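When the chains are written out, they are named A, B, C and D in that same order, and each has its own residue count from 1.
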Amino acid sequence: MFLIAAAAGPALPDWVVSLTTIAFSNALVVLGLVVLWRAGLVSFGQALYYCIGAYIVALIGRWAGFTDAFALVLLGGVGAGLVAALVGALLARYREIFFAMLSLALSMILYGVLVKTESLGSTDGFSVTTPTFLGFALHGDKLILALYWLTLGIGAVAALAVGTYFRSIAGALAAPIRDNEIRVEFLGVSVTGIIHIKVVIAGVLGGLGGALGALTIGHVDPNMAYWTTSGGFVFVTILAGAGSVAAAFVGSLLFEVIRTIAVDVMPGLWQMVLGSVLLLTILFLPDGLGSLVARLKKRGEARS
Amino acid sequence: MSDILAVRDLEKTFGSLVAARDITVSIPAEQTVGVIGANGAGKTTFINMITGHLTPTKGSILFEDKDITGKPSREITRLGISRSFQVAQIFPTLTVRENMVIAAAIARRSGGMLGAVTTPVHSGAAIAEAEATIELFQIARYADTPASTLPQGVRKLLDIGMAVVGWPRLLLLDEPTSGISIEEKFDLMQVVMSALKTRKITVLFVEHDMEIVGRFADRVLAFYDGTVIADGTPHETLDNPRVQELITGVRLKPTGFADA
Amino acid sequence: MCHARWTTSALVAFAAVAAIPAAAQQPATVKLGIVSFLTGPAASPFGIPGRNGAEIVLEALNAGKAPAPFDKVGFGGAKVEAKYVDEAGSAANVVTEFRNLVQRDQVDAVVGYISSGNCLAVTPVAEELKALTVFYDCGTPRIFEEKARSYVFRVSPHATMDSVGAARYLVAKKKSITSFSGINQNYAWGQDSWRDFVGAMKVLAPNAVAEKVLFPKLFAGEFGAEISTLLTSKSQALHTSFWDGDLESFIFQEQARGLDKRMTIIMTTAETAMWRLRDKMPDGTIIGARGANGPLARDTPINKWFHQIYTDRYNIPPTYPAYQMAQSLLGLKLAYEKAAAGGKPNADAIAAAFKGIEFTGPAGHVKMALGDGHQGITETAYGTYKFNKQTKQPEIVDIIRFPAECVNPPPGIDADKWIAEGMKGAKC
Amino acid sequence: MSRFEVDGSDVLTAFAILTDGLVYAAYLFIVAIGLTLIFGVMKILNVTHGSFYAFGAYGAATAVGIYANADWPAALGFLFMLAFGMAVGLVMGVILERGLLRLVYGRDEVVVVLVTYATFLILEDVIVLIWGPGSYPAYQPLVSAGNTEIGDLVLSNYDIILVALAAGLAGAAYWALKFTRYGRLLTTVIFDRETAAAFGINVTLVYTVTFIIGAMLGALGGAVMAPKISVTLGIGVEVIVLAFAVVAIGGMGSIEGALIGALIVGICRAAAVHLVPQVELFVIYGVMALVLVVRPYGLFVRAQPRKI
């Protein structure tokens, strides 16, 4: 999937490439939400890590003048991961709506802090210095393409890593934790521990997504931590479904396409379009696109 | 040889309520111990304390001469004590095989949390272990059924199987036959007990049906009002007048404590 | 394998989307992207008037009905075709939509943006894509102070002018002011407005103290506590850069508790609200319009013309966003025509022509004096609100005008710095 | 929070903090009660609550427009406004519950939250379709209520009415839950829905009625606030998170929790504005995070340990 997309890159018009790049950087955040969702957890504050990743990239560029895209993105992921490890210790004790609410509160606090920091342009935010790639400074469509490939690369690695994780014991414990925590404990595993890990993984992915987003958008602002941003990510998660890793990417892409077409066709009413899409997905495609993919698979196997 | 489990004057109080008091019991390896007593006599409290679900207010629990008093249940499980539940505790959205495989994988994993992340669930060993246990408990034909749709008896067997798949040395069964029709009870216990024998597991099971107790236990503990009032071979215990008066009295007077 | 199938189909979808507009391309016209809030809280006070302003002006231009020197049909004879896009959404959305306009819809120029955040987000992209862009309402001076820009222009003066003008008017009206307070929304616009205002007051009335400094959350809606603190203060004046929702909420709530009887309130953007509030706007309030716009504009023929066509169409007088849009479009038109000597000019040619251009629009004389000829300055004006009981019409009385050089920093110095250093070189 | 910085000597400030806190708390409570009721009974975190608020406000504004032209006595106008707002809530409640939520009962809690989120997005644009993008002033009731001077401080009588209304609402809710048949029914469902169902309570009916009541309360919130605010796009969004915070602090599904939560937030915010304006932005989420850390389920809800 990624290879095809990567190969197609140069053939596509720039605006499609950058749109896809943004979609796929969001997909990383969504992937994190999928990790949580499998264990029955939903975070309404995932924008916290997205925003941290983005600001890390922007601030390093601004203060240290360090601009290597690859390193910056990794730093974004690590930074967000550390924060996740920290707050995860707290979050891991919560479930259901309370997990969602606490993560929401945390992200809103970050939002408040950033709004208060006038030195960083408050809600106006500030622009991200153009990244370099292993020392090469690129411009125009080359830059867009480079970011596109970087995003695809990191996306692919993340997808593989998460896939392996799903097949590990900790990953496989998602459903059991959702089903019956007590049994898990009596099998000899710490549920809190497993959830903590999930929070950290989701945090790292969120950070990576934010970092890539910041580089692609070229601008960061506190809105990246606002609850509506988190809402958007959860939105895509539902659209994609927790079924497969690929769904997260396809889902984000589809979401961006729908949004941009909606804005194009009915500028005044695009929220309504998005809302309806979400609603219809939940009603008629309960397990999201992932399930659709699975169905296609099944049909394919049936035929052969 | 030394006892596998040694419990000394164990006590558990909830506020003013005394759920268990001065319980002192030693169990040698590979013994099968039945536990009888009316509801609220402290049987489950006793098991919950051994498995770390409850922390004793007083007293000590030694497992293979290690003090495990008040340890979290997951640690105790890793030390080699596992349990089954009055209400089968299984993962309804998974199939029987998946239930068993994950239990096996967890039991076999090493390296704590990191191990959990790095080791795949579907390792050959874990699968083999799971299949073996499924065979052992004779639920192979349900292997691919989602646990949520299993008949009561199979749920119980799966529940116990998941406790056994990790080769525990001590197993505590909390009312293995509760919710099972009279007809099935014996066959179920037959399956369970022979399975446990082949694995040389020391067993402590709570049971209301005296015939089953008499049939399967080498030794019987009688609980009343939070403490042990009789301890001996099935015969000794069941013939004990206090036991008959207070617990098995059911037979003598129809409205006994057991139903109260 | 089906993942592949997914991607390919997705890509096909794109190709389709990409193709549609590309096909609908005619060379004879000039394509403009007009971006402004069509949804959300900023739509009714700024976005819609801005869009209406664009609609009405472009119509007049295409009909060749605008007064000289704007009487050429459309842009240099070519009809102007506008595409209106919603500014609402995250920076990511805004940037994406900007790219779509430039690369998918192939517009010749983008005119728009109200939020300073969005202007800052769009600027680097515009520069990178070499896409001619004219910001019409956003206020932050940072755009042209952080870096020299080549393809980005702003005809409307930046927000510093509003705060400095407000301070000058206040001091002119209340020479003996000893204490003032401020209530501004807790986001960039509010913070910047207050910073500039306080700075200007330090220079103009050194012994007046800023007593209460309040920053309620954006769209808080409920200002009871703020009003109480102000009631218990000794201030003679209150500065606010509130707009629309919060502004009206604040006005209703403070009037119910008679705050405006205790102190004079300066509202730097209240002109957008006065036509709706009418007698609910407290008399004696000092009102700004982010420049000599609307009722503060001079009574020139071109202003009469704009005011006329706008009011006829929307039966409400044009507010400052409409003026800013008109000014921006007219400026762009002149630049375009100046560059259009030989056929259709490209972005570089227009940009070169735009640089440092001077013209007189409905809101008065513009000089692209700052940011190396990319940032306009105009005179500004403040006045005092009065609801005329006879005519039942809002009025703005004792207007004071401040020349451009009096309220804008000279070229080459950042606004903050200029104020901090005592507004040196201000020609009043 | 910044409360311990209150300077005892400054009586006026203390008084102002108290009154402002009460007014804000009243506002929060009226906004939150519907949300917590719906959550308590139906376990739905209802994002659409924001739309109820918005529609209530728009409805009220329309009503005010009507009676302002008909120049009725203020009191009558006020009641007409509330009635109109709640009527809007009623209609929406019926449509949403019967037409939509019914379809997703039994689905994952979070999925239902997203259903309401989607509905909220749609309704935001429906507002534009019905009322257009412009804002609606509805100040008449606020003005006609007049004000009261206390020392340097001037209190708006409308705010006093607001506090009274909130108090009345709290009282009514308490009475209804304690002493009416339906109320006791609700309490059972809140306490333990399985048993309730087992006792043959018609849970579906309870749901419908509850949701409608919740919707009407949400709309009422918008209606009473309409005169104080400029009724414009996006007022719903702000309310949602605010109400969520209050409910989370008090404990989801707990009426008294909503009351206490509202009071805490109200007083804290007022104190912040008067004493340390810088922190105003953080107060609500600060309190929320703090409470959740200490009491994961909020002040008035305990987690029941699972029996094995």
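Convention: a residue touches a chain if its C-beta (ideal position, glycine included) is under 8 Å from a C-beta of that chain, and two chains touch if they have at least 3 such contacts.
The structure displayed is predicted, hence computed values, not measured ones.
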item	value
Result of counting contacting C-beta pairs for A-C and A-D, higher pair	A-C
Chain centroid nearest the full-protein CA centroid	A
Most widely separated chain from chain C, with each centre as the mean of CA atoms	B
Mean-CA-position distance for chain D and chain A (Å)	32
Centre-to-centre distance between chain D and chain C (centres being mean Cα positions), rounded to whole Å	36
Gap in Å, rounded to a whole number, between the CA centres of chain D and chain B	50
Junction residues of chain A, two or more chains touched	115-116, 182, 268, 271
Residues of chain D whose C-beta touches two or more other chains	124-125, 128, 237, 278, 281, 308
Numbers and ranges of chain B residues touching at least 2 other chains	89
For the chain C and chain D complex, residues of the former touching the latter	38-41, 43-45, 47-48, 186, 212-217, 219-222, 224-226, 228-229, 231-232, 244-249, 252-253, 255-259, 276-277, 280
Of all residues in chain A, those that touch chain C in their complex	1, 4-5, 8, 12-16, 18-19, 22, 115-116, 118, 121-127, 130, 139-140, 143, 213, 216-221, 223-224, 229, 232, 246, 250, 253-254, 256-257, 259-261, 263-264, 267-268, 270-271, 293, 296-297, 300
Residues on chain D engaged by chain C in the complex (per definition of touch)	12-13, 16-17, 19-21, 23-24, 27, 124-125, 128, 133-135, 137, 139, 142-143, 145-147, 152-156, 158-159, 225, 227-230, 232-235, 237-238, 269-270, 273-274, 277-278, 280-281
Of all residues in chain C, those that touch chain A in their complex	2-8, 10-11, 13-14, 17-18, 38-39, 84-86, 89-93, 95-97, 99-100, 102-104, 116-117, 120-121, 123-125, 128-129, 140, 142, 146, 186-189, 191, 195, 218
Complex contact set, residues of chain D against chain A	45, 100, 103-104, 107-111, 113-115, 117-122, 124-126, 128-129, 237, 241, 244-245, 248, 252, 278, 281-282, 285-286, 288-289, 292-293, 296-297, 306, 308
